[in-house]
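Below is a structure I'd like to ask you about.
Note that the chains are named A, B, C and D in the order they appear, and that numbering of residues resets to 1 at the start of each chain.
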Amino acid sequence: MSSEFGKLLRVSVFGQSHGRAIGVVIDGLPAGEAVDLEELQRFLDRRKPGTSPLSTARKEADKPVFLSGLENGVTCGAPLCAMIENADQRSRDYGELADKPRPGHADYTAWVKWGGHADMRGGGHFSGRLTAPLCVAGGIAKQLLARRGVYVGAHLSAVGGVLDRPFPLLPTAALFDEIAGKSFPVLDDEAGERMRERITQAKAELDSVGGVIECAAVGLPAGLGDPMFDGIENRLAAALFGVPAVKGVEFGQGFAAASLRGSENNDSFMMENGRIRTETNHAGGILGGITTGMPIVLRTAVKPTPSIGQAQRTVSLSAGENAELTIHGRHDPCVAHRAVPVIEAVTAAVLLDVLLEGNHGTF
Amino acid sequence: MSSEFGKLLRVSVFGQSHGRAIGVVIDGLPAGEAVDLEELQRFLDRRKPGTSPLSTARKEADKPVFLSGLENGVTCGAPLCAMIENADQRSRDYGELADKPRPGHADYTAWVKWGGHADMRGGGHFSGRLTAPLCVAGGIAKQLLARRGVYVGAHLSAVGGVLDRPFPLLPTAALFDEIAGKSFPVLDDEAGERMRERITQAKAELDSVGGVIECAAVGLPAGLGDPMFDGIENRLAAALFGVPAVKGVEFGQGFAAASLRGSENNDSFMMENGRIRTETNHAGGILGGITTGMPIVLRTAVKPTPSIGQAQRTVSLSAGENAELTIHGRHDPCVAHRAVPVIEAVTAAVLLDVLLEGNHGTF
Amino acid sequence: MSSEFGKLLRVSVFGQSHGRAIGVVIDGLPAGEAVDLEELQRFLDRRKPGTSPLSTARKEADKPVFLSGLENGVTCGAPLCAMIENADQRSRDYGELADKPRPGHADYTAWVKWGGHADMRGGGHFSGRLTAPLCVAGGIAKQLLARRGVYVGAHLSAVGGVLDRPFPLLPTAALFDEIAGKSFPVLDDEAGERMRERITQAKAELDSVGGVIECAAVGLPAGLGDPMFDGIENRLAAALFGVPAVKGVEFGQGFAAASLRGSENNDSFMMENGRIRTETNHAGGILGGITTGMPIVLRTAVKPTPSIGQAQRTVSLSAGENAELTIHGRHDPCVAHRAVPVIEAVTAAVLLDVLLEGNHGTF
Amino acid sequence: MSSEFGKLLRVSVFGQSHGRAIGVVIDGLPAGEAVDLEELQRFLDRRKPGTSPLSTARKEADKPVFLSGLENGVTCGAPLCAMIENADQRSRDYGELADKPRPGHADYTAWVKWGGHADMRGGGHFSGRLTAPLCVAGGIAKQLLARRGVYVGAHLSAVGGVLDRPFPLLPTAALFDEIAGKSFPVLDDEAGERMRERITQAKAELDSVGGVIECAAVGLPAGLGDPMFDGIENRLAAALFGVPAVKGVEFGQGFAAASLRGSENNDSFMMENGRIRTETNHAGGILGGITTGMPIVLRTAVKPTPSIGQAQRTVSLSAGENAELTIHGRHDPCVAHRAVPVIEAVTAAVLLDVLLEGNHGTF
């Protein structure tokens, strides 16, 4: 078992980069929910590689076909299966890669695990391409959440050392929409411009850069999640580390909290219009694993794309000796900006699951 | 369901800070494993609050009583239940706290979730005291792992902005033992001295500080873990966020990778004595969720202790109005150093689970 | 992982028959629920071996001690741990049994699994004694259910071939109470008298008899449960087969349905006071895994107690040769009547879990 | 979550009877396993409705298309997705059925659960058609098991009161093959002939009949499974109740054991060629939830097909009043014979999961 997450809402991803199709089964989706397919497609297009110099040139239509669970555009309660056929499958460069694991990729670990039977063309099941079906699941989850006043949005908060400004204390759905409409998902477009330069420069140097994505969710009631190992942080982190290239997850102040004093990091409670909130939100909307009612705020670290054009040292699996590898073909010099909707998608799917479960603290 | 983690090895924690007892049930522990109770006690003592000015003055013996699963010091296959009775339960200051949630604590979210029925004396089920039974589980897991050549160790890598040096590329069991034997768990004792000063100073100012813990595991074979959502990172993160005060988890370079180039972050493969390893270990021993055979390296961010002596703004739940709170009693000005064995414990329990499952990639 | 069941409500059983204590952790119990300890004790006493000739003479007080989760008789949201200390541990006859597995018991399979490290004194973790903590969990679940108009009851429907009459179409809480108050849990006391005779006769012949337990639950709304593998039948069966000696589970007409025509077995729908019900209930209250709103009706087959006084053929594990075994000590000539509250307990715990989850079909 | 089962091997079924496609995702299948597609098709054909008067006339090719996980006929480690497109979708008679739930079907419970959004054409997700993808999963599992000396087979042990003879004490793969090759899956062809007559007669009377399926698995080692709630019986029953129309599951003597004496039901242990076995197998190969090494033997009760041609009483959901319903179209007068490979499939999938997990009793 591996490519699934969720408790009442199970998201199960299948497919390999160069196989016949990729897809997702969503089990536990409530019935009677209309899915706006155009809105979903716009969401999927946000992760699509474009023709800009910032992304790979691979053309992917990424049009999901719904095999089950959706009738006349409305969920029917049965598990929803969406499939995306793989049209553009260039496998010609694969021969060398099958023997020489690419540094930073899962080629080697897949080979150890699956004894050489792994379909590693284009990264196989480990490919970033598998985030397309994740976005189908998350895009649908986002629509259900929005219908209930819960909104999820994200932006690039750093690329190659250039920082975007952080989300404001109380982000809004309108702000999320504004970022989603941009060609480069940042709050501060000037910072975005410098990020693009870093990416372009890395590309020119046959190299790549990483980034940080900040994601927020607003509108969740207080009291969701359970203590210790089934809290919101546990569940989000468990799913977010499933996104390829994610190497760190933090909530609220996260690692920065380690340098703060308690008097700086604690969020004071206050009354506002008869309701309790906190003045600040260093906790990222979560205390003891349970939602406070303030925005959920998290950040994920995305490592630089392992596929780079420079010659790299590796080994020949067949010869059992050191070897050199130069990866040909076209690769994203940065995946962090394309990962922004993916992080939203996974966050939304987890939060819908949490919301479906509700607050069972009392009965 | 909340206070459990694990797949084949299930660790279920129970108890409240000021209840009758705290404890743990470990289901799935293999039979025939001797548990060295003295070694276990030494491990438990590492998280014990001492008489030093760095910790709370609460006296806790933390002697586990084994109710089941362990006969004549050897596991018998049945679920192991260990109980620690709560001896020192000072609840006298609780009256005010029941009405005024402490900023940064789970008091408020527990109240929302459990409708006022929560036993929040001393933090209740959310208390750091619950890490004692976690250490029982993890301490036993460490013994089983060590018997198979897998060693887990940790150190404080930062407190209040002061940094310890990182683990070397290939940490050893001897190094882990050396740190475990220190009164303050750092690699660089001079850095440790400055950390202590930060803690002492925070305490003097009725404040607290946070920290970062770096944990490593050596000796695991390559090929453990599954792709996407059941990888080593997913499983470790899901459990580690269950440790109170943890707000971030990263593997290998983690968030630092976001600022690196691919050429810097990729770990080149190389042959060494006929076996494949990587020259560097920026991946923290995990690629695609699966172990590479290099050391697992992770860091967790621990927020500053929320309980501070300064007056803080909060609300009165009964009156529904803003209020001020001054927390009396004795509290740790820093929990990060005491959390070091806890992070080891959780890491060990997860890795034992992973190791029990083995590599089912082929059959 | 083994001795646990449940989804939102997790019941984890620990202990061995002759170990220090047995017990249960219930994780996910809602807060604010009063537990009537006297009522719980009366429920536990229903499975207690008595001084009657029908049961073993072992004295067990079976008084649970609550280590956590219950404060002032009210659940507090934290996992509830209840422990029952083992007082009467006669292990003197164990020597021979350790080498000669008792036919029909788990001695042999435990030995294969746990390599001789199993604590099999008195059946160890496989002992019927472990049903005492199950009854603690189920007795508490029954109280929570009753508070919401859901009642669970059971009776012996067969012992050694003698049949009790079945539950009426619409059993009531009063009927369940009536049975629970009897010294022998049947509807037809005359049938009960003949059952007792069978048991007494079997005992006189150093033998034992099996039985069938019919259990019903009334008051559940329609629409609970999920299709295919997470239906009410799946979840109940998965838990009920965890009760020692259960070898069959059926719902509604069960195996008898195999001999019926569709026209006989189908339950016609009808309106009654503006609500939909079925005229008959051959489906046992479940269609497609989902509750119909009619009573849940199930039966479990309990095999004859394997421990009998007659000489039996077995093997010597140490010598690897055929051997003869005569089991000394006192054993129940029938466990089916004592298993009646256990089946109620497990059914109640599963149904409370299902009820907590609610109907997520729509949102 | 609903349409999934399994622990290390997860089987997730999707689709509705009259939707675009049905299918299955199998996550956790080991890599490097050749799948003989012709053998798989022969297995699938065993559940296919034929042109005989015993089955529905619906034509279904049931040719699975492999979207992922299988490359060049060999598993690659990634989740395997197989899809079967729905070709013959006659929905014309659905209008009346949407308002008048068919007695004995899940129409009513689906309506309660999914609030009228359910796609109940042809039974929707509850249709027996969903057993086709189950057979894809189970057929593949059977191939992997056979390669390791584990064989699963089944036969109709009863239809409408006519009994086949039971499996012999030690069934063989050859016997399983022999049954699988028959047009009617029984051991005693004369009994089979009488069963067919019962079916034909029921059909002539616009009625239907139920049946019992006996399934066995040989070749499993002793020691698999875990005590209490994660035993072989628990896991098999939890999955088997997911097969539409199954209303009872029993192991070994099952319900018959309730009428036996312990001296009759206990299986004596004996040495045979230096190995331990039992003389009889009333336990169905399972003691304490753990395999004994003897054949696993189970029986499932299949209720008579609810769809019958006779007029039946039901209600009009829209009018809220009693109504009459006559189901048109063609329906199986018995599904038990077609369910034989389905029971094999589910049993095989569960046992492969159990075998993959192995015996973790010691380490």
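Here is the rule we use: a contact is a pair of C-beta atoms (placed from the backbone, for glycine too) under 8 Å apart; a residue touches a chain by one contact, two chains touch by 3 or more.
For clarity, every value in this text was computed on a predicted model and none was experimentally measured.
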Looking at Cα centroids only, farthest away from chain C lies chain A
Pair with more cross-chain C-beta pairs in contact, given A-B and A-C:
A-B
When the C-alpha atoms of chain A and chain B are each averaged to a single point, how far apart are the two points in Å?
26
Chain centres from averaged Cα atoms put chain A and chain D apart, in whole Å, by 38
Take the average of all CA coordinates in chain A, do the same for chain C, and state the distance between these two points in whole angstrom.
45
Of all the residues in chain C, which ones touch at least 2 other chains?
1-4, 7-8, 13, 28, 31-32, 77-78, 110, 113-115, 117, 125, 226-227, 361-362
Touching chain D in the complex: which residues of chain C?
1-5, 13, 101, 103-106, 108-110, 112-115, 117, 125-126, 130, 158-161, 202, 207-212, 222-223, 226-231, 233-235, 237-239, 241-242, 244, 246-271, 274, 276, 278-279, 283-284, 287-293, 299, 301-308, 310, 312-315, 317, 320-322, 336, 359, 361-362
Once bound in the complex, which stretches of chain D touch chain B?
7-8, 28, 30-33, 77-78, 144, 148, 226-227, 356-358, 360-363
Touching residues of chain C toward chain B in the complex: what are they?
1-4, 6-10, 12-16, 19-23, 25, 27-28, 31-32, 65-69, 71, 74-81, 83, 110, 113-119, 124-125
